[in-house]
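Chain nomenclature is as follows: A, B and C, assigned in order of appearance, with residue numbering initiated at 1 for each chain independently.
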Amino acid sequence: MEFLNHLGGVFEPVAFLLLLGGTIGGLILGATPGLSPTMAVALLIPFTFQLEATQGLILLGAAYTSTVAGGAVSAILLKIPGAPANIATALDGHEMAKNGQGAKALHISFLSSGIGGVIGVLLLIFLTPVLAQWALAFGPSHLFWMAILGVTVIGSLDSKSFVKGLLSGCLGLWLSMIGYDDIQGAQRFIFADALTGGINIISALIGIFAIPQVIEMFAKGRIASSISSLEVEKQSIWASVRETLGYKRALSIGTVCGSVIGLIPGVGGQIAGLLAYDQARKFSPEREKFGSGYAEGVVAAESANNAMVGPSLVPLLTLSIPGSPTAAVLLGGLLIHGIFPGSDLFDNHPKVAWTFINSMLVGQILMVIFGIWIAGYAAKVAKIPNPIMAAAVLVLALFGSYSIQQSMGDVYIMLGLGLGMFFLEKFGFSAAPLVLGLILGPIAEANFIQGSMIATAGDGTLSYFFGGVLNLFLIALVIASIAYSFWASIVLAKKTAPKPEVTK
Amino acid sequence: MKKLIAAMALSAFAFTPGIGAAQAADYPDRPISVMVSYGAGGATDFQARIVTMMAANEKLLGQPMVIINKPGAGGRVGWNWFASEAETDGYTLSAYNVPHFIAQSIKGGVKYSADSFEPIANWGSDPAVVIVPKDSPYNTIGELLDYAKANPGKVTMSGAGLFVGHHIAALQIQKAIGAKLAYIPTKGGGAAAMKAVIAGDVIAGVNNLSDAFRAREAGNVKILAVADLERNEKFLPNVPTLKEAGYDVDNSSVNFRGIMAKKGTPPEIIEMLAAKVPEMFANGRVTKQMNAGGSPIKIMNRAEVQKMWSDRQAFLQELLKDLK
Amino acid sequence: MNSARLQHLIPGTLVLLLALTVVWLSFTREPAESFLFPRLISVVMLALAFWNFVRAATGLAKVGTGFTASLLVTIAPGVAVMIIFIFFLAKQFGFYVSSTIAFVAIYAIYDPAPHSDPKSWAKRVGVAIAFMVLMYGLFSILLKVQTPRGMFF
C-alpha cells in the first residue's frame, strides 16, 4: 500500500495544476490527427527540463494517459484514428456519430478508457514484480507467434468478405515491407523517391481512413439537404455510465487483452484495441451488430487501449527496458533528472516513482471528467455542414501527415494510399485489416529473422519456434483463431444467403 | 507552472515568420530543425534533446532547435532524406552518429557519404561494451571469448543493427579471436538489443556504455569489457578495455554523436554555427543533465570532427574490405 | 454479364496484376535473406488474389457498391482539387496559402448557397481563414512544425 502514502503528492498545488494541464493538453494533442501519444510526450519533454523530477513526470504521465484516450475523439468524430490504438474505436464509434450518437459514443469511450486505465495502473501498482518476469518470457519466437495471431484476426475483422479481408491484410503486410529492410538494410520495392523511408504507419492511417471519408462527403453532392446535418442526441451522463457498466463482457475482454499485450515489450499495444474488438465480437451474442454503430465495440476497443498504459510501463520501471516507443520517451524524462529506472527508482526515489504512478491513476479519472465535459461540445462537430467538414479534414490530413516527420514524402503516400483505399473500399476491401497488416508486418518479420538467426547458432529452427510451453500455447491460439474464422465464414454465409446484398 | 507558462510564452514570441531566402546576416531568425535518424526515446534522440535545449538563449543561437525523428534501417532513412531532400539554408541540420553513417556509406546502397555533410561540432562519445546476463556463467571477457573461440558461430551477440558501432565492435572482436560470432542485429535499436541480453534470448551483447551502466546498476547485466583505448574512469573504473584483456580492438566502434549540416550550406552560416554550437554543448545546465543521465560528454570543434571523420573513413574502409 | 460483375473484375484484375508483380519482384531481387519474408507474403497474396479474381469473374463477388456514373461526376471536381492541392500546390505555394485556396474551392464546389451572391463567397473565405488561423496556432506556434513556405509564406 505504499502508493497510498504518496497519494498526497499528486494533490499539491503545482503538481495538481500540472496534472490538469497535462490531461487537458493531452486530450487536445491526442485528438489532433498525426500526433501519436509518443510524439505528444516527446514534445513535452523540453518543458520538463524546467521542472522538478516529480513534477515533470506528473506532466508526462498525465499526457500519456490522456493522449491515448484523446485519439478516440478524432476516431469517433472524423474517423481519423489519432494513433493505431484507436483504429478499432473508429469502426463502431464513427458509425455511432453518424447516427447522431456522437455524444454517447464519446461518453462511453471515455468511461471505458477510464475503467480499463484504472485497472491497468492498479496492475502496475500491485503486480509489478510478477509481471516483469512475464514480460521477459516473450522472446523473438513468441513475438513472432503473437504477430501471426494478430494476422489471423485479419480474416475475421472484415465481416463482409473473408477473402477480401485476408487480401486487404496481405496488401498491408506487403506495404509494410516497402523501403529499407530494417535488419539487413537492403532496399525493397522502392518505386518512387517518396517511398525510400518506407510507409509511416501514422500517415498511412490518416490517408486510409480520412481520404475515403472526405470523398464520401463529396459524394453527397451540392444539394441543400446535405447541409442540414442530423441532430445530435442529448445524452445524460448517468445513462452512459449505466450503459458502459452493462457491457461487462466487453469491458473484461478489453481490459485483459490490453493488459496482457501492453506488458509484452515490442508489440507496443498498437494492436490491443483491434484484438480486443475482435474477441469481443466473437464472444458477443449480437455479433452482427458490430461495425454498424454498436456501443459494445467502442467499449472493448477503448478499455483495451487504456488498460495497456499501466502494464506497458512495467518493463521500463522494473528492468529499465522501454517496452514501447512511448515508454522510451518517458525513460528520457526520468534520465534527465538523474533517475535510473529499476531497483534504484523504487529504493532511492520512492516519492518520484509513486507520485508518477499515482498521477496516472488520478489522471485517468480526470481524463474521464474532462472527456465527458468536452464530449457535448465535441459531438457538435457532426453538425458542421459537409463541404466545410470535407475541406477541414483534408487540410488536417495534410498538416497531420506532414508534421510526423516533416516530410512531403509522407504527405504523398498519405494521399496515394487514401485514393487507392477509396477505390478498393467500393468493392468490399476494407481498411482495418490493411492497417493491421501494416502494423504487424515488421513485428513478424523482424522477430522471425532474429529468431532464426539465434536458432541457427543454437538448437535449430524447428525446436526454437515450436519448443516450449509458451510457443505451443500461442500456436494453439493461432489455430483456434483460424478455425473460428473458417467456421464463422461458413455459418455467416449460410445465414446471409437468403438475402443477397444489394449491388448496383 | 510559472516557468512552464513563461517557456511557452517565450517560444511563442520567439517565432517570427521570416519572408524569402535566409539572410546569413540575421541567421537564425526562426527555429532550426535538427533531424535525428533514430526514434524518439533512443539514446541519440534523448541526448540531442538535452544538448539543444539552450539554443534559444540570446547569447547562443537566439532561436530554439526542434528535434525531428526520422527513424528506420539503422539511420539510413533519415540520413538519406537529409542528403537528398533537406534544404541547405541552415534551418535544417542533422545529428550524426559515427561510425554508423560512414560504415553504411562504405557498404553502399545509400545516397550519402562523409562528403555529403559538413560537421559542425561533436557533443558526446559512447563506447561499446560487451555485456552478459547477470546469471551468465561467464564472468570475464576471457572466459566468454575462449568459449567463442572453441565454438565458432555458437555465441549469439545482440547489437543495435548492422553497420552501426555495435556491429563494428563485434566485427573487430571476431577478427581479434579469429572465430565467428553469431551477431544478432535487432530492429528496435539499443533498447531491444539490451532486452535480448537481459531476457537471456542471446548469450552476450554489445551495447552502449551509458545504457549498459544503467542496466548494471539495476542488477540486470554484467559488463565484461569496454571497446575503447582507455577505461571509463567515471562510470566503469573496474571494467577492463578489450586491449588490456589482450584482444586487438581499438576505439573505432566508439559512437560519436554531434551535429552536422548538409554540404552546400552557406559557409558564413557553418562558421557561425561552428563557433556557437560547441559553446552551447558546454553550457553548465547541458553538462549537468548529460551527467545526470549517464551520457558521456565529449565536445569537439569542427576541425577536430573533420579529422575524426577522415580517420574513421580510412579505418572502416580497411575493416569492411574483408567482409564480402 | 451485368455491370456489377464487370466492375468487380476491374479491382480483381488490378490486384491480381499487383500480386504477380510483387511475386516477380520478390523472387528476382537480391539479397535473398532480405526477400525471404516478402516471398512468403507474396505467394499467399497471389493465391488470395487469384481466388478473389475467380470469384469476381464468376459473379460470386457481391460485396461493395461499386461506382455509378453520377457518383463519379459528383466526386470528380472535389477529387481534382484534392490531387492538385496536395501533390502540387502544397509545396509550391506553401501550406497556409494553398490550404486556404483549397478550402475555399472545396467549400464553394459543394456549398448549395448560390454562387452569384457575394455574401456566400464572403462566408466561404471567412470560414477558410478562421480555420487556417486555428491551424497556424496549433501547428506553427504550439508545435513549432515548420511547414514548407513555398513562394508566399
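Please note the rule applied: a residue touches a chain if its C-beta (ideal position, glycine included) is under 8 Å from a C-beta of that chain, and two chains touch if they have at least 3 such contacts.
None of the values given here were measured: they were computed from a predicted structure.
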Seminar exercise, completed: centroid check, CA-based, most central chain -> A
Exercise. B-C versus A-C: which has more C-beta pairs touching?
Worked result: A-C
Exercise. In angstrom, rounded to a whole number, how far apart do the mean CA points of subunit A and subunit B lie?
Worked result: 31
Problem set entry | Geometric centre distance via CA averages, subunit C-subunit A, whole Å | 23
Seminar exercise, completed: Taking each chain's centre as the mean of its CA atoms, subunit B sits from subunit C at a distance in Å of 39
Problem set entry | Shared-contact residues (touching 2 or more other chains) in subunit A | 181, 184, 186, 406, 408
Problem set entry | Set of subunit B residues in contact with two or more other chains | 33
Seminar exercise, completed: Multi-chain contacts in subunit C, i.e. residues touching at least two other chains, fall at 146
For this session: Provide the residue numbers of subunit A that touch subunit B in the complex, in ascending order.
Result: 14, 17-18, 21, 38-39, 42, 45-47, 49-51, 136-140, 179-187, 193, 196-198, 265-266, 315, 319-322, 325-332, 335-338, 340-344, 405-409, 442, 446, 450, 453-454, 456-458
Seminar exercise, completed: Residue positions on subunit C within touch of subunit A in the complex are 4, 7-8, 10-11, 15, 18, 22, 25, 29-31, 33-38, 41-42, 44-45, 48-49, 51-52, 55, 61-68, 71, 74-75, 77-79, 82-83, 85-87, 90-91, 95, 99, 102-103, 106-112, 127-128, 131-132, 135, 138-139, 143, 145-148
Exercise. Which part of subunit B faces subunit A closely enough to touch in the complex?
Worked result: 1, 3-4, 7-8, 33, 39-42, 45-46, 49-50, 53, 67-70, 72-74, 76-77, 80-81, 84-85, 104, 107, 109, 153-156, 161-163, 182, 184-188, 191-192, 194-196, 198-202, 214-215, 217-220, 289, 291-295
Exercise. Any idea which subunit A residues touch subunit C in the complex?
Worked result: 32, 35, 43, 160-161, 163-164, 166-167, 170-171, 173-174, 177, 181, 184, 186, 188-189, 211, 214-215, 217-224, 226-227, 385-388, 390-392, 394-396, 398-399, 402-403, 406, 408, 411-412, 414-415, 419, 423-429, 441, 444-445, 448-449, 500-504
Problem set entry | Contact footprint of subunit C on subunit B as seen in their complex | 11-12, 15, 17, 19, 30-31, 33, 64, 66, 91
